[in-house]
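Order of writing sets the chain letters: A, B, C and D. Residues in each chain are counted from 1.
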Amino acid sequence: MMLDIKDAKQEALRVVFGETLSDLAEEFPDILVLDGDLANSTRADIFAERQPDKFLEMGIAEQNMMGAAAGLATVGFIPFISTFAAFAVKRSADQVRVVVAQPGLNVKITGGYSGLLTGKTGKTHQSVEDIAVMRAMPNMTVVVPADGPELRQVLRAACLHDGPMYIRLTRDPSPVIFDDSYSFVLGKAVVVREGSDITIISTGVQTVRALEAALMLEQEGIGVHLLHVPTIKPLDERAIVEAAARTGRVVTAEDHSILGGLGGAVAETLGEQHPTIMKRVGWRDTFGESGPDDALLEKYGLTPHHVAQAARELLAR
Amino acid sequence: MMLDIKDAKQEALRVVFGETLSDLAEEFPDILVLDGDLANSTRADIFAERQPDKFLEMGIAEQNMMGAAAGLATVGFIPFISTFAAFAVKRSADQVRVVVAQPGLNVKITGGYSGLLTGKTGKTHQSVEDIAVMRAMPNMTVVVPADGPELRQVLRAACLHDGPMYIRLTRDPSPVIFDDSYSFVLGKAVVVREGSDITIISTGVQTVRALEAALMLEQEGIGVHLLHVPTIKPLDERAIVEAAARTGRVVTAEDHSILGGLGGAVAETLGEQHPTIMKRVGWRDTFGESGPDDALLEKYGLTPHHVAQAARELLAR
Amino acid sequence: MNVKDHIAQGKSGQTGQLPIDELTRLAAQVRADCVRAVFQAQGGHLGGPLSCADLLVALYFDVLSIRPDEPNWPERDRFIISKGHSAIGLYSTLAARGYFERQELLTFDAIDSRLQGHPDMTRLPGIDMSSGSLGQGLSPGIGMALGARLRGKSWHTWVLLGDGECQEGQIWEAAFVAARYKLDNLTAILDFNRLQQYGWPGANGERTPPWDPDPAAMEARWRAFGWHTVSVDGHNMAAILDAYRQALAHRGHPTIIVASTIKGKGVSFMSGAYEWHAKVPTAAELEQALSELGQTQNGIDDDAGH
Amino acid sequence: MNVKDHIAQGKSGQTGQLPIDELTRLAAQVRADCVRAVFQAQGGHLGGPLSCADLLVALYFDVLSIRPDEPNWPERDRFIISKGHSAIGLYSTLAARGYFERQELLTFDAIDSRLQGHPDMTRLPGIDMSSGSLGQGLSPGIGMALGARLRGKSWHTWVLLGDGECQEGQIWEAAFVAARYKLDNLTAILDFNRLQQYGWPGANGERTPPWDPDPAAMEARWRAFGWHTVSVDGHNMAAILDAYRQALAHRGHPTIIVASTIKGKGVSFMSGAYEWHAKVPTAAELEQALSELGQTQNGIDDDAGH
């Protein structure tokens, strides 16, 4: 199921997004892409080139874009909103709430450039809390894919699922960890690695770093049970409880605030169903800044080493 | 410290808000109130009448209102934003993020008509996820007072605290539970009742209902340890761990989604510091509707009976 | 021919041209039903619904191609009430038009009701878009109008805006985008009543209109954003119908109809009084309101009047 | 008198009237520093910063009452760069004006730098408001201008807007409110370069301007919202200064200066090319850009040029 992570092929989720949606538009003729003047960043420009009649420029006006998508959904289209996660979630939060989530309309919101790595743009462009906001929204499905192969399946699942969905994307190339045998199922978490000393639960591209952490820990003789949670909502609670029960210690890992995101969802689930000692790895409730990727990951505590260190600390308790 | 809840005096937080801020403006001459065309609902109109020169109508334009407040804060004012919680948080989410929270400016955001009871206006006006959104925002202080006496102290504390703050208010009169001896301290939770069978952790006006639940349970011989958490952020983690350790069972109660709010904050804290079985009472991840208060509280599971029932179920586990 | 026959005849589209005085009578009934429902619910808005009653009746009885017995008819014209707090005005119009029994208006604001305080498309067939958070309605209208164009369909999309609501920036985002796509299958109707909720206090504490009260200034604003504009007296039924036809006929731009209205229109003590934006009448006020509206009885009775 | 003496002299306020050709030379230096910094950072925006360099230099060297050595001087004029992606243009101007050493421009976009990708007021003194999320800058400007009025202060507040940015509804919320409060101590400068980032694709895939390219149409829009307007060639230093003085002199309304500009101005291959909105030049492109800008050397050297 898993390719080796060393020398893994790299793919940028934004490119996979643009290409896959262009392909899917042949199969699902109701697909439209609405762009908030960022197509050459989000790579919706690939779609604009290949499906010009299905590409709707909406200008720098995220609120209106969200509402227009809602209107298009009422007449049977599958509108995909494309902008940065920071703006998709925050600039049109009330529109998502009132004309998308409340009526349950079939709008797909893709949040590009999510998390820490946004090409040096800095804190205004880094979405540290988008998962928390979208997860707290009733009726919203929240999906955070880990790599290109998973994203391809997520986009297809989005077309088949009737209802509002938030899909979190990233900018920079990241390793491909899933091979052809991998099958994404909306609402299901997936065991990436089995082990009995400590459980790591991760989402998005952070799963790649969690996997690297697992490999490090295994070299130290620590068996890691790694659960990847691509669907944050609806949450696969049973898989989370099972994974926690497996080792009795849980580290969560996400490129997102430790408040209210995956770490929050896991804490809520375990607190009610299977109290387990845990440690959250993610942004420590802070805003970000500009800088090269490596320096940012190091400063904000998101490297594989940070995930591994959290596991060691939990084991030492 | 606590008056009897039966025959308690009733006060509407919105009225206390309008009156107290008018008084405080004498002591803190930099106070301003910015209104989003809702003053006669939020009762900022009391302030408008008593302090007309410090009242700034900002029209039906919440984004601009938030930005204008940020600008006023840079030149030394203490601007209080006044509108409904649903709009304060969602309609200006990106503005809160970029010009208030990121620069850490001294803007006080008051969210009126929070939660379920909004005078029959229905789901567009009910803020089910505002605490989750504001809690996930770095640099934001989040306060949810339980009654009039507490709110009076919260507003004073807001003037003394330099930084962004979200204060959650309610529309309808609710019982006064704190007497003159009560002292609100920003960032501190308060034990309202001691007991050794079960812990209830609550916030806002839901603390009143939790107190009623505690009285019911005590009649059944169940000792309730009730912790009121007016400051959701920064969270009084130590008080939460202590309260949980007291009984080993925790019910959380809030007029807010069970995702990401107080229940989420408690779950995260206990998961990392003191895993404890818990049950969250709140909106069950759904939007609301119009209706009379009693019917709504019953349908959405927020009555004292619902809190008590959760406690019983947890005790039966 | 009475209204019911008209409606029966017009099943698959318009009602046919009802006489103006019949439309006027229906508008009075709609206003009365608003007051009755708010009294019954002991909650809700009145100033705004009364302000736009003529605009709604003219639209639903003379212009929209709709099927009250098949509310989701795919080819129907679309209508969005962006000023969602005027829901009871829309509900009363829908009831008059045969979407549901007028008696149901008395469930307004009740728990489990289809008639929510603000329109909820998941509850009541006939509501094309949920609303209640101001400033949001024009954008879904763009989606519906673009959708018609993309599908080669001929439905027309109508959006009712409040003037206070036009302070919301989203309206101007939508104004720009609609014009840029030259959406001439989209019409906005502005209920230009020069009041909002609390309002802009003047020097002596009086309410001042949010915008320059001159309709020409409002037209200039929309024209600057690329719209075709028409001004009209929003309480003159014939003029309203004429404005609607102008909008339908215009090509190359979306049209906005700036309809000068009086908030609380039809009830003397509510007219022009901002306090009646959202206020429940006493029993005596109810009676006076109904009598001013020429209603013979206090309750809603489906057979009354026609 | 050279620039340094001018600046020394102007410590507590304006620099005094620098000769136009000196301002022009400074604008070329600012443009060159933008290109150098983006090359060094291997990231950042260029089209927008180059577009507004003349506007910034004219403002900072001739108009603003500021103290570079006391950036938080309470009485200072305020400036907000609402089109925050042009941060490097502002940083280069601030460095030229003596807020910090030009060498520091080479830390642009680096981790822990004061010169963030988008302006961060918590990091760099001299930044009056953080920005980067478009459409947000005019509103804090309202707060600063209202604040001056409430405190009886005379500082003037300036806000630089992008034309693409004006699609954001918040701009029009602010436009309305500023006019309603008659904030004549607030001036907006519009960098009207008729390009944005990706842009509106035309029929043949070419970029079309977001708005009608005619400045008169843009002026009409703002006038309809109650603003005084001035049109100017945004690359003509003398005309810019004149427009700024007109704005300061006007009473009763906020003023917007619609400055017609060319995105990427000053570097032939960047001019009018939307691809250069945010693109890093190669070493060869850097060299050509600097030579077109009349720079004698590739690096930043504080003593170069003056």
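Definition applied: a contact is a pair of C-beta atoms (placed from the backbone, for glycine too) under 8 Å apart; a residue touches a chain by one contact, two chains touch by 3 or more.
What you are looking at is a predicted structure, and each value in this text was computed from that prediction instead of being measured.
Undergrad: What chains touch chain A and also chain D?
TA: The shared contacts of chain A and chain D, listed by label, come to B, C.
Undergrad: What whole-Å value do you get for the distance between chain A and chain C if each is reduced to the mean of its CA atoms?
TA: Taking the mean C-alpha position of each chain, the two centres sit 42 Å apart.
Undergrad: I'd like to verify one number: the distance from the centre of chain C to the centre of chain D, where each centre is the average of its C-alpha atoms, in whole angstrom.
TA: 44
Undergrad: Could you tell me the distance, in whole angstrom, between the mean C-alpha positions of chain B and chain C?
TA: So the centre of chain B lies 36 Å away from the centre of chain C.
Undergrad: Which residues of chain C are in contact with two or more other chains?
TA: Within chain C, residues 120, 130-133, 135, 167-170, 173, 176-177, 180, 200, 210 contact more than one other chain.
Undergrad: Can you list every residue of chain A that touches 2 or more other chains, as numbers and ranges?
TA: 59, 61, 63-64, 86-87, 90-91, 94, 97-98, 102, 123-124
Undergrad: Linking chains that touch, what shape results: line, ring, star, complete or other?
TA: complete
Undergrad: Okay, in this complex, where on chain D does chain A touch?
TA: Against chain A, the touching part of chain D is residues 41, 43-44, 84, 109-113, 116-118, 120, 130-135, 164-165, 167-169, 196-201, 205, 210.
Undergrad: So in the complex, which bits of chain B are touching chain D?
TA: Touching chain D from chain B are residues 32, 56, 58-59, 61, 63-77, 79, 94-95, 97-99, 102-104.
Undergrad: Inside the complex, what are the residues of chain C that reach chain D?
TA: Its residues touching chain D are 135, 167-173, 176-177, 180, 200, 210, 212, 217, 220-221, 223-226.
Undergrad: Can you tell me which positions in chain A touch chain D when the two form their complex?
TA: Touch residues, chain A against chain D: 35, 37-41, 45, 48-49, 52, 55, 57, 59-61, 63-64, 86-87, 90-91, 119-125, 289-292, 295-296, 299.
Undergrad: Hey, which residues of chain A end up touching chain B in the complex?
TA: 86-87, 89-91, 93-94, 97-98, 101-102, 123-124, 128-129, 132-133, 135-139, 250, 257-261, 263-268, 270-272, 275-280, 283, 285-287
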